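Two complexes, one shared chain (chain A), two partners (chain B, chain C).
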Partner chain A sequence: MSLDSPPPAGPQVGSDEWVARQAHRREYLPSWLGSLERASERAGWWPKLAAAAAAAAVLPLLGLGQFQLQVGIDALVIALLAVGLNIVVGWAGLLDLGYVAFFGFGAYGYALVSSGQIGANGIHLPSYLSIALVMVAAAGLGLVVGWPSRRLIGDYLAIITLFFGEAFVEFTNNVAPRTLGGPNGIVSVDPIRLFGYTFTSNQSYYYLLVVVLVVTMGVLRLLDTSRTGRAWRAVREDPLAAASMTIPVNRVKLMAFAFGAAVAALAGTIFAVQQVSVFPTDFDTPILILVYAGLILGGAGSIAGACTGALVVMVIYDGLLRSPTESGYLFYGLILLTLLAKLRPWRRLALVLAATVALGYAVHAIAAAISDSAVAGGPHSTGWIASALRDWVVVPANATVAGNWGFVVLVCLLIALVQVSSPWRAILLPPTLYLASFVWETRLATEAAITRQLMIGAILIVMMNARPQGLLGSRRVEALT
Partner chain B sequence: MAFFFQELVNGLTTGALYALVALGFSMVYGVLKLLNFAHGDLYMVGAYIGFFVIQWFGGATSLSIPVPLLLVIMFALAGGLVGGLGVAIERFAYRPLRDAPRIAPLITAIGVSFFLENAALLLFGANYRIYNTPDFINAHSGISIGSVTINSVQILVLVMGLILMVGLQQLVHRTKLGKQMRAVAADREAAEMLGVNVNFTIAVTFFLGSALAGVAGVMAGLLFNQVTNTIGFIAGLKAFTAAVVGGIGSIPGAMLGGLMIGLAESFVTGYLSSTYSNLLVFGLLIAVMLVRPSGLLGQAQLQKV
Partner chain C sequence: MSAAGPGGPPEAGPPAGPGHEGSPAPVLDLDRLSLSFGGLRALSELDLGVGEREIVSLIGPNGAGKSTVFNVITGVYQPSAGDVRFAGRSIAGLAPHRIARLGIGRTFQSLRLFLNMSVLENVMAATYGNTKAMPWESVLRLPRARREEREVRALAEDVLSFFGQRLAGYRWDQPAYSLSYANRRRLEIARALATSPRLLLLDEPAAGMNPAETHEVTELISRLRDERGISILVIEHDMHVVGSCSDRVVALDHGVKIAEGGFDQVAAHPAVVEAYLGRDPDALSDAG
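Let's look at the complex of A and B:
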């Protein structure tokens, strides 16, 4: 708990002295975690980026299967999108809900100029040309879509961009089915060929994505500390004040749109090639919400946060939640971690855990005594979690209806938990935890595809309420108003 | 010409529906300055509640109670429960963010919408639930003028829509509660200083707005006959469009916008093709926003420092 670090020496270009001092006066974690934090702060950005890149490069050598590699590729694509979205949402503070359309534009654009779709023989431009072309075109489209942002602020811009996103999906679905393929999309897209090397295997696309992501992050980092980056943040905080400081607000907003769109289009080209095909449904709202969840989880406004958040969200969403064993670890592990982090004093934590365990065995015994079929289902988790829970959680033979009611009651209990004060909270916790386990074993674990969507929604709600700065962001310094 | 009038009637009916959803959306925007993306999903929940009420009383073909009573129960339950859900959402998700930067509650609202949609998928499955309205309300009953028919469900929707809109207009402009709502919408802090119970007013507004969405959901079930968990999203989009085209925060504007979108959709589907109806609605919105950012009946906000 030290507050004694010296303020930075001398004025720095581009950072307000007061803000710098306030940012510096912060608490560090106790013991070795704190020294780690300080060391990482001293290290600067590029050694950290290089270390992360090296770690990502080593990962496939540890013997990942095709499935894990595909999860990694998807995660990297979403991370690239989140990093691009961070420019618009995190830095410029413009809520762009049509962002996925730029991703789709990039994918469709690349697919059109690198497949047999147009004309008799199709167009097959060299990759470096088509990627550059698509990125520039997307930036142009970004300018067009961002045009209303000159007059519309905040919510109106959110709506109009949302409609742009929807219109893109409708457009690709319905307009010019000969060229765009309608719902059947465009298939057999050419692979990327750079410097005489043709990217074909998943492994090569993984490395391509790592390189692209790292380079993008590096470039954006330079952009962030540049004049433009500072202008974006000024516009985000107060457009009027920024304008009176001679910042060309409209041009700065449009630039944010253009840069974000270009990064999204870049992600789109690689996505299209790796999938070898593009379909309208690949660019619908769920993807948008996924990207937002990653950005919010990591912390809007920070490049590392956006990237990490997106990777975490995608690895959970695409990887862990598909297997019943791993999703079980994740679910119970997260509950335990939350309790460990939030419940104080230790005495109360021990009491709550003991009460939960006792409650479970009691309920199980009563249910078993009443009817055999009430406990006939058995937990859906596998492995040692299942054997540990077998005599604890009640799972009826036909659990769907009971599980559904359990889910409704659980949501009500969770809302109640947040609203009530401390002693009641400790009393409500054991039944809530037990019910959570019940709902997980009866419904959520069996419907993994729905559970992961619910998780994305929950991330957005909980993060915004509990920690709006995200996991890696730091709380904004609020100026006096 | 008969075709024209038939499309006009159809457009007015769906327009009344959109107007109801847009009204709730616009009211919530008025007091909180929040785009409640979850509003369309409340409409979806209302439609499901209507369906389960029909099932509870024996299903469409063998109802155990008279049809008018069934309709009353459907509308009352959908309005009450969805209104309560709206209040709970406000209390849990939006109230803590009331003084946060504007972007935070917006993102929360997207999360709530996504959560509700998928919770409905978990609870009710992806199958379409069919109301089977013709089994208990005769589709051929109604009024015929020449070759134009207005069937009884359409009459019901039009009349109820009209009553609710007029009632709401009266509530907002003639009662003390309405005065409080307008005060909160104009300036929350000033209203609070003058003794308006802001939390209560916002909760009531959420209740009314969500209840309207729930009632509109039941109407949609009766009218379109089918319910699934994704109907909320597209209805929500249309309601946004209606509210924005009419001027967000303005009650007559929401009605006008809703009717306009219903009519536009109906005529485009009737005279051109249904593939382009959504694209056209979105195009209409973008055009209006670019020409008149504050909507047709909205007032331009002066920026104060």
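Let's look at the complex of A and C:
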């Protein structure tokens, strides 16, 4: 902030300038994190973007396996989607729940014009042409979808676009099975060939995605600070005021739809090519939830936030939560971190941890004394966590039913925990922690497909409480009218 | 109650506007304007004119239809009957953003700033309709986009500097929500000025301000006319503001014009007194 002309009397308590400065100061993180934040604020946007791109470029050279590389590719695709969704949701403030349909449209569009699907020999347009064609067509589709819904706001728009998204999945599943392939989708899509180079390996697609993502982010950043970006945000803030300030609200909304759709279609083309095939299920609600989770976690309205949030969500969701060991680290790590951050004073923290450990050994000893089969199963975690927990957590031989009941009781205990007051909370905490570990070792660690969605939900809830504006988003106020 | 006030003959033909102070050509001309919501007549056959470089105040008790007049002029509501003419052409039925582009700027009674945008962005956003750069021009920073961005920035700094220290440079990058109430009112005026208006509609610019700030608003309104040549239609409850800056005052009650003329004339008009205070009880007892 520049201080060219400070008011003569200096800052005064109660004057709005003082309030504004304090409000600004409070938003920084404490200690060295805050100075880091301030330093990054001073640097412009493009050095940061370049640094992030360089980091992403170096990453595969550190010896990533094929699995990690695939996680990276998926994360980059979702990041590209989130950055596009940010135009519609974060800037124009339109709750578009049909966004993934544009992603699917891009993928199917490319798969139709660059494969052997249509006709005897198929259509094999050059990549640059088909990508451009698909993006323009998706923008057109965005206008078509946006036109009837241009006067709808909030919940109404959300439900209409949700229908559109579902309709797209049904459409690809059922209409023109010879062309679209029905549930079997379209297989053997042409690889992308640009400037005489054919992208074949996963590594090449990783780099292609990094370049595309960085360029898109740069373009959107330039757009954000232009008249178009200001109009989008003005429409989000107050459509009536925007109209009274010469902004054609409907046209600006449609533009946001079209731009978002084009970015989604771009992500779709690369997605289709990279996995060589497209299926209707690739474009269903789970992807939508991941994209939204990324956008919300990172902070809607911020380009860097959308990208970072999507990468974090996807690396956790796709990379870590698939293996029981790594998801175990994440699970216990999150619990410990939350306790360390929230439980005060230290005495109480130590007491709760000690009580939890003691409770575990006591329960294990009692269960073992009653029946051997009660402790016959081992923890599902692997590695050192498993050996540390072997004599602590009770895992019966047939753990499924006990684990399911444990889960129900755990949910009840968690609800009770947020309802009761302070001393009771400390008393309730050790059994809750122990039960959480029990449920994890008996059920959750084995059901990765379900657990990872629960974990993403839990992370979002924690985030919502700790930092409602998201990782990199800026605090927003709602007009009270 | 008849629509005839003492100020001007309402059925006067083409120059239906001001009948005072040398009759400048009207910038804004409401011609027998009516607006109904179902059975409720919000405005009936309202004639109102604002001349070039004229400051007209619109007064009346709560619910008299003052803000409704603004909403009809700016295209938020479509008139049920009658016409709105701006600079000689009819603007009734045009979309709000088109009317704004023709040169009518406005502020809102309940502040409607773009709260989560910076002060500077609030003002710059209001130039959208008067700039032309397409998105790709902005992205590629082509000459037209760069030139427009420079001009818009200069315009924004110009209208903000109109408020002197109040909206000084260090505030430009702060979000609008961090401003005080009075500064939000100022920013609304600055934002309306950025649309380069010929006519400015101010909806209670002094509401919620202390006496010193109210005095400042009064001066501001006169300066807008004197330095920028803008015609102004202002709704205001504060009679100090109305009395000291208006060329002409129009009083409204139940959507009907009850008086028009100079401030002293209108303020003493029995219909206006009755609208604000009710009928004199002594007069009532005399009558009864």
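By definition in this document, the second predicted complex is superposed on the first by the 432 of 481 C-alpha atoms of A that agree within 3 Å, B and C clash if a C-alpha of one lies under 4 Å from a C-alpha of the other, contacts with A are read in each partner's own complex, and residues count from 1 in each chain.
Following the convention adopted for this analysis, a contact is a pair of C-beta atoms (placed from the backbone, for glycine too) under 8 Å apart; a residue touches a chain by one contact, two chains touch by 3 or more.
These figures come from a predicted structure and were not determined experimentally.
Peer 1: Could you tell me if A:P183 is touching chain B, chain C, both of them or neither one (first, second, both, neither)?
Peer 2: neither
Peer 1: Which holds for A:Y156: it touches chain B only (first), chain C only (second), both, or neither?
Peer 2: After superposing on A, A:Y156 lies in contact with chain B but is clear of chain C.
Peer 1: After superposition on the shared chain, which partner residues are touched by A:G93: those of chain B (first), chain C (second), both, or neither?
Peer 2: first
Peer 1: Name the contact category of A:F171: first (chain B only), second (chain C only), both, or neither.
Peer 2: Touch status of A:F171: first partner only.
Peer 1: So, does A:R230 touch the first partner chain B, the second partner chain C, both, or neither?
Peer 2: Once the two structures are laid over each other on A, A:R230 reaches chain C alone.
Peer 1: After the superposition on A, what does A:L240 contact: first (chain B), second (chain C), both or neither?
Peer 2: both
Peer 1: So in the superposed three-chain picture, is A:Q453 touching just chain B, just chain C, both, or none of them (first/second/both/neither)?
Peer 2: first
Peer 1: Overlap the chain B and chain C contact sets on chain A and report the shared residues.
Peer 2: Overlap of chain B and chain C footprints on chain A: residues 240.
Peer 1: Quick check on the complex: what are the chain A residues that touch chain C?
Peer 2: Contact set of chain A toward chain C: 1-7, 16-17, 19-20, 23-24, 219, 222-223, 226-228, 230-231, 233-234, 237-238, 240-249, 255, 259, 301, 474, 476-477, 479, 481.
Peer 1: So in the complex, which bits of chain B are touching chain A?
Peer 2: Where chain B meets chain A, its residues are 29, 33, 35, 88, 91-93, 96-97, 100-108, 110-119, 121-123, 233, 237, 240-241, 244, 248, 275-276, 278-279, 282-283, 285-286, 289-290, 293, 303, 305.
Peer 1: What does chain C use to touch chain A in their complex?
Peer 2: On the chain C side, the touching residues are 74, 76, 95-97, 100-101, 105-106, 108, 110, 112-117, 121, 124-131, 133, 135, 138-139, 141, 145, 148-149, 152, 165, 168-171, 173-175, 177-180, 183, 191-192, 194-195.
Peer 1: Report the residues of chain A in contact with chain B in the complex, numbered from low to high.
Peer 2: Within the complex, chain A touches chain B at residues 89, 93, 95, 97, 148, 151-152, 154-156, 158-160, 162-164, 166-167, 170-171, 174-175, 240, 285, 289, 292-293, 296, 404, 407-408, 411, 415, 418-419, 443-444, 447, 450-451, 453-454, 456-461, 464-465, 468.
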